[in-house]
Every structure is written in C-alpha cells, then in structure tokens.
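Below, each structure is written out as structure tokens.
One chain, chain A, links the two complexes that follow: it is found with chain B in the first and with chain C in the second.
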Partner chain A sequence: MAFGIRLHIWGERACFTRPELKTERFSYDVITPSAARGILEAIYWKPAIRWCVDRIHVLKPIRFESLRRNEVAGKLSERTVTKAMKEGRVDEVAYFVDQNRQQRAATILRDVGYVIEAHFEFTSRADDIDTPGKHLDIFNRRARQGQCFHTPCLGTREFPANFTLVESDEAMPFVDDQLSGERDLGFMLHDIDFADGKVPRFFRATMRDGVIEVPPFEEALA
Partner chain B sequence: MILSALNDYYQRLAEQDKVPVPGFSSEKISFCLVFSREGEPLQIDDLRDTTGKKPQPSTYQVPVDKRRTSGIHAYPLWDKTAYSLGVCAGEGKRLADEHAAFKARQFSLFGESGAPDLRAFLRLLDQWRPDQLAELLGYSDDVMDTNVVFRLDGQQQYLHENPEARRIWVAALESGEGIPGQCLITGEIAPLGTDHPAIRGVRDAQPSGASLVSFNSDAYESYGYSKNHNASISKAAIFGYSTALNHLLRSGDDNRQRLQIGDATTLFWAKARDAAHAEAAEGFFAMLNDPPSDEQEAAKLGSLLRQVAEGRPLAELDSMLEADTQFFVLGLAPNAARLSVRFWYVDNLERLARHYAQHYRDLQLAPMPWKGVAPAMWRLLYATAPSRDGKAKAEDIPPQLAGELTRAILTGSRYPRLLLTNVIMRMRNDGDISGIRVALCKAVLVREARLAAHSNSTTQEVPVSLDPHSTHPGYLLGRLFAELENAQRGALGNEVNATIRDRYYGAASATPASIFPVLLRNVQHHLSNMRKKDKGGLAYKIESEIGAIVDGLGDSFPKSLGIEDQGRFAIGYYHQLQARYTKRGNATVAEESTQGEDA
Partner chain C sequence: MTAIANRYEFVLLFDVNNGNPNGDPDAGNLPRLDPETNQGLVTDVCLKRKIRNYVALEKEKDAGYAIYMQEKSVLNNQHKKAYDALEIKSEPKKLPKEAEKARAVTEWMCKNFFDVRTFGAVMTTEVNSGQVRGPVQMAFASSIDPVVPMEVSITRMAVTNERDLEKERTMGRKHIIPYGLYRAHGYVSAKLAERTGFSEDDLALLWRALVNMFEHDRSAARGEMSARKLIVFRHDHPMGNAPAHILFDSVKVERVEGETDTPARHYSDYRVAIDAESLPAGVSVIEHL
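Let's look at the complex of A and B:
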C-alpha cells in the first residue's frame, strides 16, 4: 500500500447523523466515508490532494444511547453576511443562542473505535512539486505526532476523536467478536458531490467481520 | 435502516392487501351524500359503526395526496363538510374559499372525463347550495365537520372507488413528478418527494399527527437545501414508510403490535417465512412484554423462557416460532410537533427471546414478590416513580430511563446505572421497600457482575434467596436492619406510628456507622419489653440472629455505603424480612413449644 494510510480513531461518543432523521438526530450504525474524510482532512489536507476512503474497520460493538440537548434553532443568513461585507461593519452579524432555542433528541453511538484505510489522489490543482511521497510523509509525520489543523470529531463537534497512526508494518487493532459475520447496514451516505450541485450520494454498506468496503465515489450511484 | 425496514414492511403488507395503495390513505369517514344522475342531492347515509356506546366513524381508503397544514387544500371525492359541502358548525372564516377550492379541484381533475358517474358528481357540485343540506333525508347535526364521501344513487360503490376516478387520480399524481435523485431508502434514482404524511397515534404527540422527517427550522438544513429536500427520499418510499408506520400505530384493540413503555410508543413487527409465522412471532413478543395474568398461560410462558435460558432452541419448543425470524422494534417519543426515535433494534427472534429470558432471570427473587413470570416492563417502570399511597403516576417516570431500560432488556446489555440510583433514592424517600424495587436492585447488580465477570473483578454473587453465609457488609446490614425492625414489631406490635424503617431506613443504608449503634442500643429495650410480655422465645430468636449477623460484620460498622452496597442493603433487608413471614408457621410452633417447657 504505497499511497495508503491507516488511522486508528476512537472516542467515547459519536453521532453520524442520518440525513432523513437529522432534526431529531439518529446516528448511522458506523462512521460514514465523508465523516472519515473529515477526520483525515483535519489532520492533513492541501488543495492539491483529495482523500478517498477505501475501507472502514469497525472495532467495537455498535451501541446506542439517547439524550436530549438544547440546540440552536436558526443560523445566520447568507444575506446578513454579504450585507456586512459590503458595508464593512459587523454589528448585525450576531446570533443570540438564548433567544432562539430548540430542544432536540439525539440517539448517538457509545464507545466507538474504527480504523480508516484511505489513500489520496491529486486534484487539478496539483503541480510538479506535488509528489505522492511528499504528501504521504507529511501526513504520516503529522499523525504520528498527533498534529491536526483542528480537532477531528466523530460526526459532530461535541464528540472529539482520538487518533493514532497504524504503521504499515503494524498489526490491526483487536476487533470485537460480536462483529463477526455479515451484516447489512442499509444505504449510507457516501459523500456529497460538491463538483455537481452538492448532490448526496449513497452506497449499500455491508459489514463483513467488522470490515466495510467503501466503493469509489464515482460508483456510489447505485 | 429504520425507514427502509418500514418500507419493506409496507411491501409485505401491500401483498396481503392490508394497506392502501399509493395515492390513497385510510381515513375516518362518517357520512355519505347520495345524489341522482341529474345531480340532485337525495339523502345522507350514516356510515358510522354504532355497535359501541358512541357511534364511531368507519375507515375507508380515500385518495390523499399530501398532508393538509395551515393552507387550503382540498381532497378529491371526499373531504370534511367545510370543504365538500360548504358548511361547518362554527363560523368558518374561510368557508367560502374552502368550498370553492374543493369544487375547483374536482373540476380540474375530472372535468375532462366522460364517465357518467363523474359527470353527475360535477353537476351536483354545480347546483349545490350549502343550505340544502339541512333539508336532506337522514340529516342530523352530527354531519357537521365530519368527513363525507359521495355515492351515485343506484350504485353499490362509492364515488372514490370508481375505477375511472381512480385511474384519473393515479395518472394525475404521476404527472406531478418531482426532481429525480437517489433515494436514500431504496438507493434507486427516482422522483424525490417533499410531502411527508403526518404520523398519527404516538401518545402525547399532536392528535393531528407529527412528523418523523421534518426540517422546520433553518438550523437543520444543510448544503443550501430547503426543507424536505434535505432528505432525499423518493415519493414511493415516503408513501411506503409512512403508511406502514400509520398501520402499526392504528388504534383499536386488535392492534397487538403497539405498546407503551414510559413515554415511548413502541412498535414491533416481524419478518418471517410467511404471514402466519410473522404473526406468531409478534404474538410471542407481545406476551413477553405483558406477561399474561392467566395463571396457566403464565406458567406456560415461564417454562418456555426457562428452557430458552437453558439454551434450548426456540423452534423446538414452539414450531411456529422460527429462530431466524427477523424482528424489528421501534420506540418513538414525541418532541413538540416532531417524533424522535428513542430506540431502534433489529435482531432475530431467538436472541431476543434469550435476552428476555435473561432479564426475567435477573429479576428473580425468592420469595417471589409477584405471581406469574415477572411484572411487565411498564410495571417495573412504575416502581421507579414516587409512590403516593402505594400508587405511582406514569408522568413521574423519568423518560430517559424508560428508553434505556428497554434498550438493556432488548440487547441484553447493562441496565442503566440510573435505574439503581433512582430506585434507591425512591426507597429512601417514600420508604416503600416493595418487592419489585428490590428485584430491580438485584437485577442491576447481578447483570453488572455477570458482564464484568471476565474483567477480573471479585464482586460477590448477589443471592436470589436469603443467604446466611454472605459476608457482604451491605447485605448483612440490610439483614440486621430487618431484624431490628422485627424486634420493634415484636415489642410494640404492628400499630407503631413511625417504625424504625420509616425513620431510619435512608440513614441506615447510607451511613450505617452513625445509625446502627443507636438502633442496637434501643433494641435492648425492645428485647426486654418482649421478655416481659412472655415473648421470651421470640426475643431469644431475634437476639441470636442479631448476634450472628453482627459477628459476620467484623469489628466496626462501615462509615458509609456506596450506591451498589445500598442496593445490597435493600436485598438483604427484603430477604431477612421475608424469611420471617415464610417461616412464621414453623416459628410460632417453636415459640409455643419453648413456652410449654417454661411452664
């Protein structure tokens, strides 16, 4: 696996919200490829590269828990921001959380652990000085040292992710016995097609002995 | 997964003709207006079911396209009287607009059709004057504000059942296709829908229905999508999941697929080889959740569960219950106008039955505080609410607890720790040390000990019945406390205003070192009192029992007990107190014989 990396991530809680049950959040059973991409990008990303998740290893049994939280009900409108930019003043760019609240329920995952197997591809913005070895080395070095651009999270910002690099000669972390066998996880969000109108794409996720093969994004349109 | 399982369930129900086809919905209809070929209204037929005390509307499958909210939207060939006939009981500010919308909708849908029934219907609408209604044969005030369908005089079928009308309706629905996209339920590229029907029948949700999929504030929207475009679900799948859900939530006594656990309305369904096997599995699960009160039935279920717990395959015990039947459990709780999924659980029947058997085994307490297998889940939950004069209210049950307890039972995982703290707090607050509460304490401790067994912890086993050899301080103190209470009862009788349990239970179970020395001093008075009253035998028995327990305790009382030890305290207390009742027969005999010797 020349270009490939393996990253072990884990955390106490996680919420990979399903798009259809987004208001009263309900999590997918496991991490989605786009959430995994987000974690990789938090550690290392440049405009010249694009991360592609190849495989997700689930390490711990899937456990749910539900809770209620007070969250915001609105967001700043695009208009407010463009107006502020035009006028050069920011006094209207404010959101008072205590005045616009909503109580929402969330069914989240408890005690998760995954290994993400991924590689990167070059985008059209790569040029001669971008070599695979360079970016791979930078990622590995950063991951080994625990460096990141921002704290990677497990689905939502409230649930931070711990991470460690699985070296290429290192063995895989232990997978719980409860995950053996084949399990159909249904259709899962692969990623959003940002190049083409922000259309969501889904793929049929099947877990075999804890391993989910992620199809290339182009094939996700089942 | 939830919605796709519901959509699958819809397909299975549709094969059995139990649910409406796309574009139709089961609605409550009370009356039918009969009209002539010339479009003259003739009479009003009452369609209600009058077998009960109050007439109930009947259910018909009528054409429905989308849910009506605040705007004006008329349904084809049926509607409530304000729309269809232009009359209502109140003042009806929008009455004229609503009736006009109804007429306009019918004309735009069926205006082109040459079918004589529909032509007559349109003639009726043309000539209709709202004040005509009261003069019609069969009219009563009950007609106001109910849903009305139509029928041509001399026809058997209602107008909405007319094949031509249906064909036109389905064609009209399909012509209004949405933007194509990938459906996240079926994975197919199909026209995406945006109208999610209301889900009706979840307790404490709005009676007009609540939404499972909704984006009612802009904080829930992403990537520039507005409202329901955020969830890319095809029209067919929306219809499928919502119809299946409403079918599961239908009211009526024949619906055994719904049960209430705390604030969560719980639905379940099975996927088996055929409908009969699925129904058997659903019936079995209904019984697990609400064990029958009939003694014979309960005994049958009890022995079945015991054998399942011992590892015998379910199919061997009952041929209708197949081990690999897939089982789905969905818990929905209302949150304002929305529904949230409290829990979602899919497993096969075999494992599910095993988890239930384990649950009942963990609750096992001797002597049994209940008759039959074990109390239903809702009764367990009542034990966690404050008991006022022996009664608890459903709204006092912590909602989170209900969901987590269900999850623990279904998956065989740890009971929520909150359960133990809650029950102990309740016992301390209202002093009601009931069998169910003690059983819950025991279940939490037993299950935790079992699940921690491989993690090398050295917790003592929690006994099912009185264990005189246990050296656990919490358990011993519980037993001691029961004996002290026995002594008080023996000395002062049962008519004590405030027993030591009423006064000291909380303190004794939490901080033994500060309470037990006082209690032990007082017990001497009780014992000497008893001796004076010619109850020397009993006094001797209690004294020796106290001695034996204190011996096991070591040289000092623990300063405080943790929550887990307080659970053991409750169990010890229960065991020791019950031992007195169960042995009473023998004890009184023994007492008399000692007295005989004295004399």
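Let's look at the complex of A and C:
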C-alpha cells in the first residue's frame, strides 16, 4: 500500500454495464473496479505493473437516465477480410447499417464523480529497472498534467472522463450528503480474470458514507 | 503512413434552424432532450455517421479511404456483387499462426478503411486483436441553452392506399427545434493513432469533415444545420500538455448582453470567446472555422 494513488474522476454521463443486462445496457450504480483500473491504465500502464483498486469514493448522488440509439447488429468476420486481402480489393468489405440495425436502450448514470484509491503491484514481467518510485512518479506526473495515453472513459468511450490527481496531502473532494449511511449495492463485477479464460469475478459491494471497500481480486468470487 | 505525433482536443459548435438534428427513437423521433435540463442532445454516433458520409463523398474513389460502416445510399457495391458471384473461388485451408494472422487482418483493415483507422471497430469474434480502438473519440453534443421542440403538422395531398381514396389527403407530423446551438467535444490520441496509422492527412480530412459534414447532409428533417466553429487544441507532447477539461473550459459560449431573457434564434445571439492567454504552456489553439 506504500505506492498508493488517489485519482479524482468525473463526467456528465457514465455506463458501467451490468453483465446480466447487456443487450439493453443497464449501468451499475457506481463504477466497477474493472472500469476504474481501465481509467488508470489509460493514463499510465506498463506490462511490468498491475493496478489494484483498493477503495472507491462515490462523490455524487446516484441518478439514472435512459437513452435509445440505433446500433449495429453484427461484427465483421475474419473470413470476409482474409478474402478481400487475397483479392486486394475493399468493395465487398462493407457493413450496411440500415439493413442490420438494432435499436437499443441504455440506462446510464448522470453526473458522476469518484475518487479511485489504488496501488500497483509488480507482475512477473518486471525486472531490475522497475522500481516502485519510477512508475509512481510517472503516473503522478501524467495525472497532474492531464496527460494520458488515450482519453479515459466512464464505462464506454462516448462518455469521456475528466481526471485530476488528489495529492497525498490534499483533502478529499466533497461527498454529497445523500450518500451518508450504508447501502448494499449487491453483487458487482470486480474484474475479469484474463489469465484464466476471461472468467468474471464478483464481490458484494457495500457503500458506507460513499466509500466502497474493494477486496483483493483473489478474494472475489468467480 | 506515419501517424500523428500530437494529442488534440476539439470543440465543435454547430447550430440548427427549424430542424431536427437527432431524433430520439424512444420518443417518436422528437429531438433528443436531456430530461433534467431540457438541453438538446446529439449523440456521438450521429456525428460519426456524418463524418463517415462526408469522407465517403470526398474520397469516393481513393484507395485507403473506404468506409466500412456504410449507409446504403453511399454505395454502388451491390452491382459488383453480381460480377463477383460468377467467380467461384475456394478458400485454401491453410491457417497461419492465429495471432499473426489476426494482426495482419487488423492492419489491413486499418490501412484500407478510414473509419476503422479513425474510430476503431470490433472485428472478428474470437481473435483477441480483432478489436481496434481508434484515436478519435467524441462525446455527446448538447445545446448551450434549453431547447423547445415544436410539433408541426403537415398535410399531403395524396394517400398511400386505394381504400383511403375518399380521404383525399393525409396528415403528418414534423418535430423541429426553432433554433439550437450545440457544442460537441472530441479527443484525438496520438498513441492510439500510432497503432492504427492515423496520419496527418487523415487528421486534415477529419477537420474538413467536421467543418463540411452538414453541407452534405441536407434533408427534410434536418432543416438548416451548419458548423459554426471548430476550435482545435494542439498539444506539443504526444501524451498531452494539459488536462482536457481545462482546455474545454477555456472556450466560453454565452448569449450577447441583454438578450438572455429572449429566445435565441440565430448564431449572432451568441458570443464565443476563447481565453487564449490563460492556456497552459505547450498547447496551441487552431481555429478551423
């Protein structure tokens, strides 16, 4: 925990899709550890490190909004592309959106703000030059200056996340009064185990005065 | 194609006059509204569609600028399929190493398709690297002020079915916004551009598309839409020199003095100011419109 960071993130909209409600997307009440990790990785990541989310602070009341959009129904198959590559032409590789259209609703979050508390661990790909200080400094420098590898997002890419570093001696941002007390958020996705055939793991999320303690990934239920 | 070496953010201001910029399928095609503030909304995918359509028009015959996600109206491929159907080719069953092959497939798609290179695409189900994240990301556009959609009833002096002949005419409905100035935010990541080969030429084309996309999207529903301002922030550093939200905050769009209690009906009712002096070091502003 010595290498902890705190990152304040916020945005107008967010969608942390529940895996059980994916066709018509329905967001979790709060950001998942998995999405929080993705935001940290958008700012800084190297194969030598792994971000672990320790705590999520929810700053704003949980509000939903519904949204319906025209979406596409399928994916491009590899075979189409291979065939086109062989023939050296592109005209058959096309997706006709108005023939393969699906209208899907999404229930998304409005006006969100969080503080992610996290630290990193070294992976097996770390070597001698990987000192904790180095990675921590790079992350902090980037977060402080608003630098990022790509713009982090709140669940899906159309909802960009603003971010700023909460310095170690800085006070936490204000937590809305409506969040005081204890609230059971039910089972929530912790992260996906990419080492083990992409198995999702879940944890029981409880929010106390806006704070969700995230258990270590190993303790989450597969 | 060398990829761009700078991060960018952009603010696009566009307006609509007596039209419907983006219908809501949940609300009978009424213009999209933010239910909490009554501000008008235009989704990211709506704007991306127009960018694709513009590029398809401008680069119709150019190699490397094909559009993968097509609207039927933009294409002439259907005819060609007939010719191709006559050539019967069997697929050789040789399978190269999966990862290598997937990479080649993805690379080829990026090289040939402007929209895959720019916005990314999800291709192929099982192969992991069949997903491309594009460098260009857009957020929802929302109007500066609340908008009030109007329902306009119209008549048609003809009927569709013979059995309705005695009715003589049918009534229809149009939903319009008398006026709305919308603001959209976008992001271009240099690092993701590196992976898809999104080049300086592509970037110039993107700016052209943003400026001109409404000029080629005229229809009965849209009314008069036009891009009013495209403000681009260019970071010297590929990772960026300042947080995006600070740059966006430096662009202020306000009603001109003394007009705030009257409804806005024209772009001249607004004033756009860029606080160029307080911009962080290493960021420059480029106005394309």
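In this text, the second predicted complex is superposed on the first by the 198 of 222 C-alpha atoms of A that agree within 3 Å, B and C clash if a C-alpha of one lies under 4 Å from a C-alpha of the other, contacts with A are read in each partner's own complex, and residues count from 1 in each chain.
Keep in mind that, in the parts below, a residue touches a chain if its C-beta (ideal position, glycine included) is under 8 Å from a C-beta of that chain, and two chains touch if they have at least 3 such contacts.
A quick note: this is a predicted structure, and the numbers were derived from the prediction, not measured.
Trainee: After superposition on the shared chain, which partner residues are touched by A:V199: those of chain B (first), chain C (second), both, or neither?
Mentor: First partner only, chain B.
Trainee: Looking at the overlay, what does A:E219 touch: chain B (first), chain C (second), both, or neither?
Mentor: After superposing on A, A:E219 lies clear of both chain B and chain C.
Trainee: In the superposed arrangement, which partner chain does A:D29 touch: chain B (first), chain C (second), both, or neither?
Mentor: Once the two structures are laid over each other on A, A:D29 reaches chain B alone.
Trainee: After lining up the shared chain so the two structures overlap, which partner does A:S66 touch, if you call chain B first and chain C second: first, second, both or neither?
Mentor: both
Trainee: Which of the two, chain B or chain C, is in touch with more residues of chain A?
Mentor: It is C that touches the greater number of chain A residues.
Trainee: Output check: A:K75 vs chain B and chain C. Expected answer is one of first, second, both, neither. What do you get?
Mentor: both
Trainee: Check the residue A:G186 against both partner chains and state whether it touches chain B (first), chain C (second), both, or neither.
Mentor: A:G186: touches chain B, not chain C.
Trainee: Go through the superposed model and pick first if A:D98 touches only chain B, second if only chain C, both, or neither.
Mentor: Touch status of A:D98: second partner only.
Trainee: Is A:E20 touching the first partner chain B, the second partner chain C, both, or neither of them?
Mentor: first
Trainee: Could you tell me which stretches of chain A are touched by chain B in one complex and by chain C in the other?
Mentor: 65-68, 71-72, 75, 77, 103, 105
Trainee: Touching residues of chain A toward chain B in the complex: what are they?
Mentor: Residue positions touching the partner: 19-24, 26, 29, 63-68, 71-75, 77, 102-105, 107, 185-187, 189, 192, 198-202, 204, 221-222.
Trainee: Mind pulling up the chain A residues that touch chain C in the complex?
Mentor: It comes out as residues 12-13, 65-72, 75-79, 81-85, 90-99, 103, 105, 110, 142, 145-151, 153, 157-160, 162-164.
Trainee: Please output the residues of chain C touching chain A within their complex, sorted ascending.
Mentor: Residues in contact with chain A: 24-26, 34-36, 43-45, 49, 63, 66-72, 75, 77, 80-81, 84, 89, 91, 101-102, 104-105, 108-109, 112-113, 121-125, 127, 130, 133, 135, 137-140, 185, 187, 189, 191-192, 237, 239-246.
Trainee: Per the contact definition, I'd like the list of chain B residues that touch chain A in the complex.
Mentor: Those residues of chain B that touch chain A are 1-4, 181-182, 184-189, 212-220, 222-225, 230-233, 333, 335-336, 338-344, 400, 403-404, 407, 411, 413.
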